[in-house]
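The following blocks contain the structures, represented as structure tokens.
One chain, subunit A, links the two complexes that follow: it is found with subunit B in the first and with subunit C in the second.
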Partner chain A sequence: MKKTPIGLFICLGMIFGLLISAPFAFSQDEPSFSSLSLWIGGHYTGIEDYHKKVGEFDRGEEGALPEIFLDYSNYKGKKTLRFSGHFYDPKRISVDLSGRSKEVLSGKISYHSFYRQRGKDLLNNLMAREATDKLNTLPGGGKMVTSEDLTPDADFGYTRHQLTSDFKIKVPGKANLKIIASHRSILEDGEDQKIVSMHCSSCHMVSKSVEVDRQTHAASVGFEVNPVEALLLSYTGSFRTFKSEAPVPTAFYDTAEHPIKGVNLSDRVIFGGEEVDFGEIPQTQKIAHTVKLQTQMGKSKIYGSFTNSQAKNISQGLEINSNGGNLKYVVNPTLKTKFTATASLKRIENDDVEIDVPAWRGGDPEQFDFIRYSSLTRTQGEGSAEFIYQPERRYRVSVSAGYEQTTRDDYPEPEAEGKTTKLKMSLGGKYRPHSKFTGRLKYFLEKTEDPAPYNLIFEESGKTYSSPFYYYQREELRYSQVTNQATMLHGVDLKLNFKPDQKATLSAGIRASLETNSDIDTLDFERTRLQPNLSLTLSPNPRWNLFGNLSYVYDKSNGLAAVAMMNG
Partner chain B sequence: MDTTVSGEQKHYGSFFAETEYQNEALSFSANIFFFPNEKLNFNLSGNFTNSKGSMKIVEMPDPPKEVTNNIGTADYDYDSINLYSDLDYTQFYVSFGTEYSITKKVTWTLDAAYYDLTDNMEDYQGYVYGVETGSLYIIKSGVRIGF
Partner chain C sequence: MLKFLKRFKNKKEMGFTLGFICFLLLLPRAPSWGGSPPDAVMVGDETCSACHNEISEKFKGNIHARLSVGGENTCEACHGPGSKHAEEGTPDLIYSSLKDFTATGKNVCTDCHRGTEFDSWSEATHFETAEGCSDCHRIHSEEENLLAQQKPQLCFGCHSDKMAQAMMPSHHPVKEDLISCTDCHSVHSKEAKYTVGDDSRELCLSCHTAYQGPFIYEHDPVNEDCGICHDPHGTVADKMLVQNEPFLCLSCHSMHFHTTLLSIEGDFEPPMHPERESKSTTDGMKKAFLTKCTQCHSEIHGSDLPSQSTSGAGKALTR
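Right after this comes the complex of A and B.
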């Protein structure tokens, strides 16, 4: 029997209910209004053919079930209390309790659950064997792909339970100090598919069923304070942890031997012929501190924030640390103009990972230990400015420009400090000749230098190693760069809104962009995106309301397909 | 011990060719609400989405004779690999609901919803999960009591 947080919810609900309802019990002078609504009924679910996709978030069981919904509200002056609960089926339940006691205490706690059905990879396409003659009349060779399903009747899916709580307290006697606390727990339990890939004697894919028992808990506390009228300061500290309580799955890895000749190939694999742990989910946690500032000086407003965060992979002893700050300055020099400037700087450091591979082929001098340097270790800086001019009520124009720079410490090679820079510009306008029509048009451009392409992506044609050669030597034949990141982007965004009277509204728009990159030898990259949309709202009389929306998305890009040519 | 990849080996690099990938999604949704009188109301909602993905045929260059002579069992035909990227789903959803106030505090409700997904690539028997065509309907009714 799986543990569910419903018991925890009831405990928290009772505490919260007491906190909220206490002021009701002791203040008899104000009139109260309450309403209670109870819905009792049931539903029948029918299923035809494959239901795991169309009913991904349904329990997936055919038949009738009772259903109940309860809603209770109570209002007394500035105090409110509301409870709602809904039982749809044993795996979809929701309960919400919220309240406000004057302006001192407000809070909400809720529990929601649902079931998610998961499809099953049938591994149907993973079955092939090399031919040994052109007409395929002779028995196949030793290179093959096979697949196996150890749990053909498994029904994959998991139930997700989410428990959240959110409280705000104004400190008595400190009118400008507010304390905020929130919490969220997500528990997932069920069954999922894992596929084990074994290599060497043949490519053998094995499907297994594994237990799901994932737990995420997050909590944050903080405060907001107005020490003076034009200054708002806040601090939030947050903590999040994730772990899996399910046992680490194991699989028997095939004994490495040639499937035809029976030659022992165990010196080519790290393990074989034994039960091995696989697919272990690491335990992680994250701690973050955020400080925010908001102030006003004359016609200017300044917003600032700084965040320090530390994320840990506890299972592997790895860390990602980041520090980042943002500043935003907004000023209205005149009644017709507005100027906004932003700046941000962020530093992310991700631990390098030492990969320790056992001695190759029982002590061959070739060693494959390496350090995985992370391209996530980087410094990011951004700055932008926008100017808006509205000479009269009918129209408005805006112009903006921005610059971003990302420096990756270890890209494209260790300590290389490769830079990607991006220049952004936009021009926009709004035209509203009268209350029945509004039109908005924006043109935007992004120019990127060195958008971090993938290096050494395929093998060089015409270069060969004399026989014999080894798989690892193919790495030395790799060359070229490929990317789907553009160096130039042009785009337009058009929005039109017609409102002939209070009974009808018609909106139409299109967003289009063209991205290109001609800096790569092997490909002139091009991507086209179009997103037109049309919506209509009609309310011909108080008895009828109609809403309709039509949208289309078109996305086309080019790329390379590459295959290696080798007779081995 | 045989330490080569297998037998006499030779490597001829990669062949590559340019191709294109395209996504399209058409979506339409509508809601109608009708309140004929204070006791009765109706609502009708629908949503239709057609999502497609496709890859242009890959036209690889002809392999050199050195390759075809040495690797004679391969057919070097890449005309069908793009088909694995062909996706075409149609999703359809329609729901109907009505409420009738029997008294000021008692209301009868009736709702029906139908969800359908059609995997238009049935000829290929599905690449991963099999053919995903299926439908689901839910009929729901009850009484709401106000206290």
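Right after this comes the complex of A and C.
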């Protein structure tokens, strides 16, 4: 096993334990309550005759291993300390330490790890050579596919370590001011499969084992304060960074040549005859500032928030900037009614990128340079309203409607301002005659205009080839209407819960939806989903759960697929 | 009345409607809303335990009791003044969250549990669909967080469709108890923990940070919504894809043109690389190009490195 943050966890835990437990030493007058439970056992893991991918999360260390579970808690007045730990195997450990010292400091730090087995693509399907006659006997064609596994004995998988800490400090003397800090690190180390294509000379796929060493660190600090009873203000500043410490894998790309004729085709490719990087994961970071307020005025409440964020690709110097605000108004006009209205507006700007592409076939005037405009650059607006009416305790009905609009500045082409709009409606009902039975029924509808205008991505560029058509025009003719995005959705959700007592739950339900897109000239897209289910849960006590579930999923899509065409 | 009956097209429709109305009328009526009368006063925990001894004994290990919420009136801190209830013994004269909760009314729990985590609890989906706090929490329990059941069974009790998906071949390790529903879902408000900013994709990116970007070469659905290709609750297809490859890809893209090529039956040696002895079948090209698009387009979430072909302008996400 490579480095793990367990050492860091122990250091943080000791500091935290001292902070939390210090008041215990100085207040001997309060009664103390402690409990300790220790469980020691063992298990055996063997994966012979067991397909590894099926046991994606079940495989840790193989063989017989001891297993330990420890739980300790101590309560003293308004001070609490709790530790729980579970050692399953060296790759699967969980440790939690939490505590509270009066109402001043509370916190929790945790370390959890597990192993994820990765599947292996054997590339067996990649073996073919073009024939030039319909009897498939003449191997005159130049196109072929081959593959090669450079690390046939590699076993792919990685261990994921997660270390989190959360602290809340109530500032002494400032009864309504709380400081909040949290942190999370995710470290992943192991081996994974990377496949790279060496396109020319003969289409050749190479599989390699590459090192995994990914690190995500996120931290946030902030405060919340009640300057007056009816007003809650909070601010949170968040920072996250990601980097891969593993060396960037490289692969040798053959010199571009016609595989049969040996003609040099280097002027058709951007690179070739050299070792180049592939699968590089850029170093990134993200910073966000969020301000929230909540206020109450008579029977109504108002919630508001504003977030500013910047996401950066440090490796390439690219940046996404985002600003967004939400507003929510909730009012109880009477004891039996409730009305909620929301509105939000967000602006996201992703840097454009100028990309130089070498000219194709020396001397040809066609250029492939382009500016990468991003579909992420957009303005999003949303508004919704919901009304709930509960004439008496056993009935409740609700109706809601909402509207969303996304305008993408430069999509499908610069300054095109491609727009997607969505209208949402729902009707819901709930029946609960007593605490043992609850029935819910909901109908929902979504009507979308231009769900994802990516069928218009055939930008006016590229090469005319043996015809007056540009590539993009030919592509547009072939598959511009292929989509799996619906313009209309109807759905029903029925849930019935029966709880004869607190130890048993019987649930039954069905969720059904029909998605269609009738904007296509030739064939409507249609997707039908139907999922009935029945489940029974028995909990003789809070530590025991016996459950059974029967569910059937029917999912059928019917849409266009563009049949392939050879050049010209 | 006759005018009302004439609206129906046939007897079957009329029978169904009238039957449904009768069903609604026959539904058992619930008792009226409960709660302490305005003139009730506090009576203290000892009075409560005189009748509710079993609950009182168990409650001593409860976090509310240990933290002495309400001092000597721990029970009434949540249930309200109990003098009238104690005098008459009528359940309707005291508040019980199990039977007196309404989505439009007051919630006693949020009187104390306030702050950023709970600031919009009364507007959260669970507040409306569950019966307040007591569907998930046993307020008198000694368990951590007072949960009625262990996770994830607690969530699966209502979300049994998600339970079924969690058992599918490709899933997040929820049933293995390595992550929990609350790692993604904030049950007390609409916001999830550990997200940075409010990008709609941020929930996924908070763990799968490698795909944050921005990338030079983008795949547009990644900018839109991870759910276009993935269902995070579990799928039959690998990598939690909503459909298997190549069908998922073909629902937006055309088939690769190589799939139409005829291929030979028998062994072959690539002329430039005779050491690569290979065997082809007549459907070899179809197998190669209609099995798994991400074998070649491996950087499907975005890349900073150009692909090889000049005519594709480096956009093929193969490197």
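Methods note: the second predicted complex is superposed on the first by the 493 of 568 C-alpha atoms of A that agree within 3 Å, B and C clash if a C-alpha of one lies under 4 Å from a C-alpha of the other, contacts with A are read in each partner's own complex, and residues count from 1 in each chain.
Here is the rule we go by: a contact is a pair of C-beta atoms (placed from the backbone, for glycine too) under 8 Å apart; a residue touches a chain by one contact, two chains touch by 3 or more.
Only a predicted model underlies this, so the values are computations on that prediction, with no experimental measurement involved.
When the two complexes are overlaid on their common chain A, residue A:Leu423 makes contact with neither subunit B nor subunit C.
Once chain A of one complex is fitted onto chain A of the other, the partner contacts of A:Phe239 are limited to subunit C, with no touch recorded for subunit B. In the superposition on chain A, A:Asp121 contacts both subunit B and subunit C. Of the two partner chains placed by the overlay, only subunit B lies in contact with A:Val263; subunit C stays clear of it.
By the document's definition of touching, of the two partners only subunit C reaches A:Gly509; subunit B does not.
Once the two complexes are laid over each other on the shared chain, residue contacts for A:Asn558 go to subunit B alone; subunit C is not touched.
Once the two complexes are overlaid on the shared chain, A:His43 sits against subunit B while remaining clear of subunit C. In the superposition on chain A, A:Arg184 contacts subunit C only, with no contact to subunit B. In the superposed three-chain model, the partner touching more residues of subunit A is C, compared with the other of subunit B and subunit C. Contacts of A:Met297 after superposition: neither subunit B nor subunit C is touched.
Overlap of the subunit B and subunit C interfaces on subunit A: residues 53-54, 58, 119, 121, 125, 130-134, 267, 461-463, 471, 542-543, 545, 547, 549, 551, 553, 557, 559, 561-567. Across the interface of their complex, subunit B is touched by residues 35-55, 58, 67, 69, 119-122, 124-125, 130-134, 142, 263, 267, 361, 458-465, 467-471, 474, 477, 522-523, 542-568 of subunit A. Across the interface of their complex, subunit A is touched by residues 27-33, 63, 66-68, 98-100, 102-105, 114-116, 119-120, 122-123, 128-129, 131, 138, 141, 143-144, 147-150, 153, 156-158, 160-161, 163-164, 167, 169-170, 173, 176, 178, 193-194, 196-199, 206-207, 209-210, 212-218, 220-221, 223-224, 228, 238, 243, 247-248, 250-265, 268, 270-273, 276, 278-282, 284-285, 287-289, 291-292, 295-296, 298-299, 303-311, 313-314, 318-319 of subunit C. Looking at the complex, you find that subunit B touches subunit A at residues 1-36, 58, 60, 63, 67, 70-73, 75, 78, 81, 91, 109, 115-117, 119, 125-147.
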